[in-house]
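Labels A, B and C are assigned to the chains in the order they are written; within every chain, residues are numbered from 1.
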């Protein structure tokens, strides 16, 4: 029993159909609990007041915006190396979810930034990096849309994803070099293990982040299923035309 | 390889080859800037390095469209792919000829336009150095974008969408070096980082471009 | 060394079009490919030329030995006949273009820009390109399009000379070239839908 067996579209669809109800339920529960707890049962921050509560939307969205690209990078690599169609289609399915998360992070950031920094937009490294990430998503999706042959499209977008990742990292450092910003340090430093957020804020935030992760997973499974069925109907159409 | 370079240069210089188009575009963009922001010389002097860099970048982008598309249409790319010359080398040569016909003239023209934009005297050397170091990266990255979109009808706009985000690090370091130089600071650090990006892209991007082109020709 | 095709299957746009194609072209011989429009001749030739991978099967003897001529000639309108030919000769590491010019009677046109040639003259230039590659296997896709009877004769003569020198040719064409060559009809090799051929959309069925 190997993990690669789920690269078979039929097996993948079966597993995904069994998992999806639980995923949707868990995602809904976590997001609701995280957001409601965060918005209504946490104290106001002594400096930032109630505006801090947008963190429960902003941070998880930003987290998933980056993770979605990372997932696309991994699935693109799997497609290029092992040529599993499901992998390429999962990358395709993740892109619109990722760009939406990026957009949510940017918009909530602007809404948060207005009362805090007195401006909707600043050319702060973090904001700028997310804007660049948004552009990369845009190019990736546009390239998928522009190519007729699905395998060529998968190949080209995969290479774009790899090259884009390198340049996204380069851009991140370039932007840091270019402008030291206003943005507070990360709320969830993975590397150091320390936290800059107090426990009362942390637990709802954690639940919300888990919820967004599950939501992302459910959305990607759902969209990948749609893409697989689309390909199947195209293949059937092509075959019936070939027979005629 | 020399033959390919000579042919590409010959084509660029003959009628309809598009040599000078990028240069003219660079000139016009730079001339339009004072019209749009006003003729105050101190303002122009502040933004001059950035304007020169942005103008050079857009001029490079403008001519990328023809880099591979013409060869794709008349079947040259199919034949080159079956030739003994590795596709990676062919694409490096293509990028080189793009730089010789577009990037190098921009570097040479930049000081003249710098005078028109009231660039600070200390900045000239930095603008020239950063453009000379940075424009090869623009050509090489652009070749990748051209290879990605060569099979797509009316892929020009899409190519801009794909290539411009890839230009971000080059633009940031290049313009930063020029900007620091122009206000009398030392721009060595961004210049070194820019050189790093240029060398890295020259070394690695042809492989990505060739891989992508093989997928397109298939 | 002979060109040896064994059990090759090819796909066009993700749909398998041919499968189980096997033939051998020995030195000094030519093979004429026949088949109705859309049968997959171009796809097969592109696969043999190495421009796309086969779905399955083996292609032996095609490494760095093939000169491919497709529907487009790879000519630049703003270069002269000599310059176009010299360029391709140099790419393939050759230098002599006189024989090619003479074989297709291009000498009087040598200094004309390729853009000013007629369709048939361009085609002759495209075919002359094969002679400057120095490669033993010519893979030709409809080489006689827009050629008149006289030019077809020139082409047949060039192929005959190439074969006599130990070369090989694989030609997809509908007209009779008057060559002493075997004919290979690809119609029976049309891919059957129920065959598991490994085409791109196979997994989705």
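By our rule, contacts are C-beta pairs under 8 Å (C-beta built on N, C-alpha and C of every residue); 3 or more make two chains touch, one makes a residue touch a chain.
All values reported here derive from a predicted model rather than from experimental measurement.
Taken as a contact graph, the chains are fully connected, with every chain touching every other chain. For chain A, the chain whose average C-alpha position is most distant is C.
Closest to the protein's overall CA centre, chain by chain, comes B. Chain centres here are Cα means. That of chain A falls 48 Å from that of chain C. Centre-to-centre, using mean CA coordinates, chain B is 37 Å away from chain C.
Chain centres here are Cα averages; for chain A and chain B they lie 32 Å apart. Chain B has residues 218 in contact with two or more other chains.
Interface of chain B with chain A (complex): residues 144, 148-149, 151-152, 155, 158, 161-162, 164-166, 168-169, 172-173, 176, 190, 193, 197, 205, 208, 211-212, 215-216, 218. The touching residues of chain C, when paired with chain B in their complex, are 49-53, 64, 66-68, 70-76, 78-79, 83, 86-88, 90-93, 129. Those residues of chain B lying in contact with chain C across their complex are 2-4, 6-7, 10-11, 14-17, 71, 73-76, 78-85, 217-218. By the touch criterion stated above, chain A contacts chain B in their complex at residues 132, 135-136, 138-139, 142-143, 146-147, 152, 155-156, 159-160, 162-164, 167, 170-171, 173-175, 177-178. The touching residues of chain C, when paired with chain A in their complex, are 13-15, 193, 200-205.
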